[in-house]
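In what follows, chain A forms one complex with chain B and a second complex with chain C.
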Partner chain A sequence: MNEYFSPIDFLVLKPVILLTLFGIGVMLTDLFLDQQHKYMNAVTALVGLAFAAVQLWLIQSEMAAQGVAQIEAFRGAVVLDRFAIYFSWIFLISSAIAILIAIRYLEIEQEHHGEHYAIMLFAAVGMMVLVMGMDLVTLFIALELMVLSVYILTGFLRRDRRSNEAALKYLLLGAFSSGILAYGMSLLYGMSGSTNLNVIADSLAARPAGDPLVLIAITAIAAGLFFKVGAVPFHQWLPDAYEGAPTSVTAFMSVGPKAASFAFLLRMFLVPLGSAREEWLPLLVGVSIATMTLGNLAAISQSNVKRLLAYSAISHAGYLLLGLVSGNETGMKGIAIYFLVYTFMNMGAFAVIVALRRRDLIGDEIDDMAGLMYKCPTAAVLMLIFLLSLAGIPPTAGFLGKYFIFLSLIETGHITLAVIAVLYVAVALYYYFRIVAVMFMREPVDQEKLSFSPGIRIALGVTAAMTILIGLYPEPFIQFAGSTVLSILR
Partner chain B sequence: MFHEHILSIILFFPLAGAILLMLLPGGNTNLIRWTANIIGFAGFLISLPLVFWFDSSIGDFQFTEKVDWIPSIGASFSLGIDGISFLLIMLTTVLGFIAILCSWSSIAERVKEFYVYILILQAGMLGVFMSLDFFLFYVFWEVMLVPMYFLIGIWGGPQKLYAAIKFFLYTLVGSVLMLLGILTIYFWNHSQTGVYSFDVVTLQNLNMPLNLQLWLFLAFFVGFAIKVPMFPFHTWLPDAHVQAPTAGSVILAGVLLKMGTYGFVRFSLPMLPDASRDDRIVTAMVTLSIIGIIYGALVSLMQKDWKKLVAYSSVSHLGFCTLGIFALNPNGLTGSLIQQINHGISTGALFLIVGIIYERRHTKEISEFGGLSTVMPVYATLFLIIAMSSLGLPTLNGFIGEFVILQGAYEENWVWAAFGVSGIVLGAAYLLWLYQRTMFGTLDNPENKVLKDLNFREVMTLVPLIIWAFWIGLYPKPYFTILEKPVQKIVQRVRPDYYAAKEYVPPEPIAEANTEGAEQAAPAAQ
Partner chain C sequence: MPESILNGLFFYVLAVVILGGAIMTITRRNAVHSAIWLVVTLMGVAGLYLHLNAEFLAAVQILVYIGGIMVLFLFVIMLVNLDEAAKQRQFNRQWSLALICTLVVLVEFGFFLMRGAGSFAFAEPGQGALKPNTELMAVALFQDYLLPFEIASLLLLVAILGAVLMAKKEI
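For the complex of A and B:
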């Protein structure tokens, strides 16, 4: 490795480079499109995602054919392992679905600009690099690329006060948390003299247990990361941002950036901080309990569906953290599957809300769903499936994610945590079923039929089909997820 | 083909029916009603071959089917029945059809949806009784909550939303804790044998340490006791029953409650034998059962609402069933299982009786009625027979079940039996008093004077149940034969010394003779 660059570096980054090019392309072609043809931007972006997916597929099959577990690139700054590939798939899928549901929505909001799709692709670039990064600098830049894109998307409805407020709040708090995170990273660099995660890991492992410097670094990094994944007590931005953002963006940020942040969190906790597990475990246990508690209890009293799903997203973060608490193979597998499932069920639920949006109706209050079963049985039944899955009722896919998390807790002897976690399933069901009750058991307020755009149709079809398919026949998905997690566990 | 996959066919037939119904045009309610009733009846007919093919001389599971489902976690699609599940499946298919039949005129809104939910519910219940895989069992156990929630929540009484979510949450709390228990057994099995398996037969032959068994028993207990419902966990039942539409009540009382007792018999006892015979557990369970028997009966006596009275009587009757189970001897268990069928027949019919009058008068207040026997003689006669079957008059089914349970209880402790007898006396009191207040007396309410007697369809909902009640009452021998082997197997597992002490050699050695033998040796050595 005498040269600075080698062809393999570009091979690894090929999907990312393609996405960047297409993002720039969208911005350029947007200049030549009139208002009626803005949807072509979405098509371009989708084509870009498809190209990236093909590249990812080629790399994956090549790795499988040669039996390579991981490819290092840029002198170890970027590592493409199965873990990164798995999460990259989630990012590509969630970006595609978000684009599909955004088309009609942005038209109704009269904010249909090409930048929306370009920024979404840039966010996807950030997310993909974030899960590949093995170097503090790369990671930080990727993280900022992702969150900056999301800040802009959150405030995309520039004439809407809620959207502006949400973006500003998110930006200020997000910048603050990034600062804390950077401080923690600087401590890691100071202790080890390297920005490479593996070197940091070795150097931290050599330090005595209970080293105060390590503790400070853990605290700062944990605080920054907990903010990004929306864990208590750093969750305050999340309901506001979710509620204010355009619904299609909410769907996106609840899945893509969240999964990316979580993958980043896993990398940080398992690789550089892996040796300090004894130190961060109590912290993590406390945070996960608090996250589940607050998310579930606060969701009960919400009257806005987006806000309700925001609090439920907080509680899901709590469940996911439990997978890291147990920290064994089952737990990691649980996190991986949970995110795959979560992509489909959560985006599906948001897609239904997007479908409710009309010129005169925002459609994100629970009351707006009244009598959906009368007006549009398909939408009501799909929403029921998504909500059942979010609550974790078999045979929907959501059960599977929770199944592995619970099993991992039992395997590692965290019985009390497991009991708390399962009891919150009942709480969660209560608030999800408030929506179900309104949909199925209240008379509709108006008789206007819903109209689905082709984009929403595809998005709903895919998300519902996957939510049911993963629930009924999870075997291939379990194997796919199972093969990826070993690369993160050192 | 038909013979090998009979269980799958019975299981998926209602689901296929539900899909067919969904495809029919929603506007044509008569077409939907006819189709649903035909599907319901066909569902019953399809289960009939089991009666002829079932071989009661086999102690193991029959008609087994096994397909790998999720090999990486060891879950399989595994079905099979023994005598216990056989009877419950027949009860389910019969009551499922009757529930559909009795809703012909009482459900006027969203007819299609209603039948779809009932049929999905039917499939879920059948799945619970057929599953030989713990994972699959859990899936069915949860699946059936959703349609029941809708049945109560959409077609229920004034407080339907509250009752529906209460039912759902109560059951869910129990079942998620049960899930932890299932996962613990699963993990323990893996740590011992290195194999991931949810296979019920495998898990039934584990020998876990007593301490672990006690905890697991507690986890299962919460799940099953809420479903039964046993005494402190029964509060969801009156709400759900009173608010549910008639068909919902019939299925709820007739089949859903049996899932709890079935759970005890199929899982708690054989999987956790040491915990099940532990003195503390037996005492607690029997005490709760006796409290349930007496409390349920006393509360029934005080009810002003007809349907609530029947609902609380379920608490009392199910108390008998759990008392029989935890007598832990062949008589107690057999009696309990027969009584479960009896309760499905009698209480199902009692709910039909309430539903019929509610459809005519839109009230369930007992004080609104009186002297109905003069205007509705057929109704009064059928009600009398059903009340007699419920309170345990000899020649009818209730007597057989209760008698055998008391026999079993007496064998263990005469005090238990004494309490049980008092429950029967109270049962006679509340039912006869109800009958007297509604059917006899003067017909003074003008609204009651114009009531029409039963039509043919309504008679036909009750007649099969009455015939069945007489059958069990007059000739219960086939039921004892069917239950003999499975009950023997359970008692053998829970109390290996039971038959030895009685110097009774079971006619046929139980399967897995090696492990059984090792177990029998262990207590003897102590």
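For the complex of A and C:
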């Protein structure tokens, strides 16, 4: 009858509740730790992530055992389906890797505070609720929780001008884009009288094609979402934010929040706006071509590795949008597997940059990589693997994501788009190999040995192992991704 | 119908007050003047809530925004030295371009909204005695939107954390 809060609600939210509690716990225990023992905060946060992962695993296996495809909770405000679970795994993994590579980096920057890890866990909470959300209000607040956390993390190096500037730019533009998104959402609410995505979907499906109000709603929502995923022409914040943020945070925001925003975009375009596919398809095609073009061409002339990877992240967003353009099962599978792979290869590449950081050297210029092969062959070879994977060369994992997306384009008859996308892979090869050339061909400027902290060792080991493993033995991962994305296709 | 004309009039007057106040807020050179024009805008929004029969929201809008937040704004403005800011150029170089873009978007949106105005279904007013305003608010907050309400508390926690982190010299 009047169930405000049922055991089911609790069950669905358990991983999120655990993360919140551990986040608050980190803030409290931070008070009792002196500067030498701040790394304990990272340990606490990792334990919290592990607890959440165990809960998620239990829920997942229970759902599989009972044959339940999805659980609704909070009167339909959230729905835990396989799609949400899949992306939640990506968030947990990327948060854990980001925490591992942050420890030493923040110590060197002398900004090692427990709040960093607490905010990271809160960001993970926002991301997980965002992929579960089925209600406009829930979605918007979860999105704001996520991006607000990332604004703070971007400006975490308070004495660094670049970091301050990046955070301020990101905050102002991000707030503006959230406003546009909220305007689009208000139009959806006005047309359907409900904030539930399924009700909105039914109400929009009953409208005639080409309804002008639906067009405005699509435009406003698309503008807001394209900003969040960093698609052209709403990409300007991205290189600055990626360059200015602490490198460990850049690694995090290039994967976790990006995957969350993209999952949100998929949900919005496929569920409430699914019936208006004819209207948004040309928009999406145009934006994805522009995104690939600008991302790949602008990356060529960058001299800063973080900036280069930022433009490469823009181009990856373009490829991912192509998966939505084709919109069939293969395309969705491609997007899902792309993100899993992207988590490992991109965070791995950033982890190598973090490892280069010393007291006197930021390590994010391409020139700082000179002669890495002679100074530290391990780091150079790992970077080579990650870059090959980012470019999409078999047998690394990066090939797999691109393969499925291109396959889905061909299946749905978008041959021209597929050809353009493949051409840009060649361009991408050029700028990734600029880094490789500097690492392997140039003489090192100094002879100082690299030292890896235990956290970076684990992070590099896991990311490299997964990048190769998924590439060589993709079958279980493809099945996992394929079974999860079906739940979002109506 | 005279009643609907009156309703329309009420709305348009308030809209002019809100938008006028907002434009004045961003164009004043003196920050205190801006803050006071913002009060006008917020009052207008409170009036809109009254117009929609949401008395509780209107009262909260006045108490929290105008009573609380604006006073804090004025405090901050008086604590910070703004003489320097008053001497600087108020608009950046792209303002004319921005104005053109805004006008284009305005015309575009206006066109679409005019075309689509018929497709907004107006809700029927409730029959009989309505529940008290505060009770409806409580139902919305603690039943229908319980989860976003709870997550909003986390959002505020992060915001406080961020503000303290950015502002404090030594953590």
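Remarks
Convention: the second predicted complex is superposed on the first by the 488 of 490 C-alpha atoms of A that agree within 3 Å, B and C clash if a C-alpha of one lies under 4 Å from a C-alpha of the other, contacts with A are read in each partner's own complex, and residues count from 1 in each chain.
Here is the rule we go by: a residue touches a chain if its C-beta (ideal position, glycine included) is under 8 Å from a C-beta of that chain, and two chains touch if they have at least 3 such contacts.
Please read all numbers here as calculations on a predicted model, not as lab measurements.
When both complexes are overlaid on chain A, the residue A:342 reaches neither chain B nor chain C. With both structures placed on the common chain, the touch criterion links A:394 to chain B but leaves chain C unconnected. Contacts of A:135 after superposition on the shared chain: chain C is touched, whereas chain B is not. Touching more residues of chain A than its counterpart among chain B and chain C is C.
With both structures placed on the common chain, the touch criterion links A:440 to chain B but leaves chain C unconnected. Applying the stated contact rule after C-alpha superposition, one finds that A:419 touches chain B and leaves chain C untouched. When the two complexes are overlaid on their common chain A, residue A:478 makes contact with chain B while staying clear of chain C.
Of the two partner chains placed by superposition, only chain B is touched by A:410; chain C is not. Touch criterion met: A:430 reaches chain B, while chain C stays clear of it. Common to the chain B and chain C contact sets on chain A is no residue at all.
Interface of chain A with chain C (complex): residues 4-5, 9, 13, 20, 27, 74-75, 77-78, 113, 115, 118-119, 122, 125-126, 129, 135, 137-138, 140-142, 144-145, 148-149, 151-152, 155-156, 158, 190-191, 193, 207, 211-213, 215-216. Those residues of chain B that touch chain A in the complex are listed here as 69-73, 113, 138-139, 142-143, 145-146, 149-150, 153-154, 160-161, 164-165, 168-169, 172-173, 176-177, 179-180, 183-184, 186-187. Only residues 109, 111-113, 115-116, 119-121, 123, 142-148, 151-152, 154-155, 157-159, 161-162, 165-166, 171 of chain C touch chain A when the two sit together in their complex.
The part of chain A that touches chain B in the complex is made up of residues 373, 384, 388, 393-395, 399, 403, 406-407, 410-411, 415, 418-419, 422-423, 425-426, 429-430, 433, 437, 440-441, 473-475, 478-479, 482.
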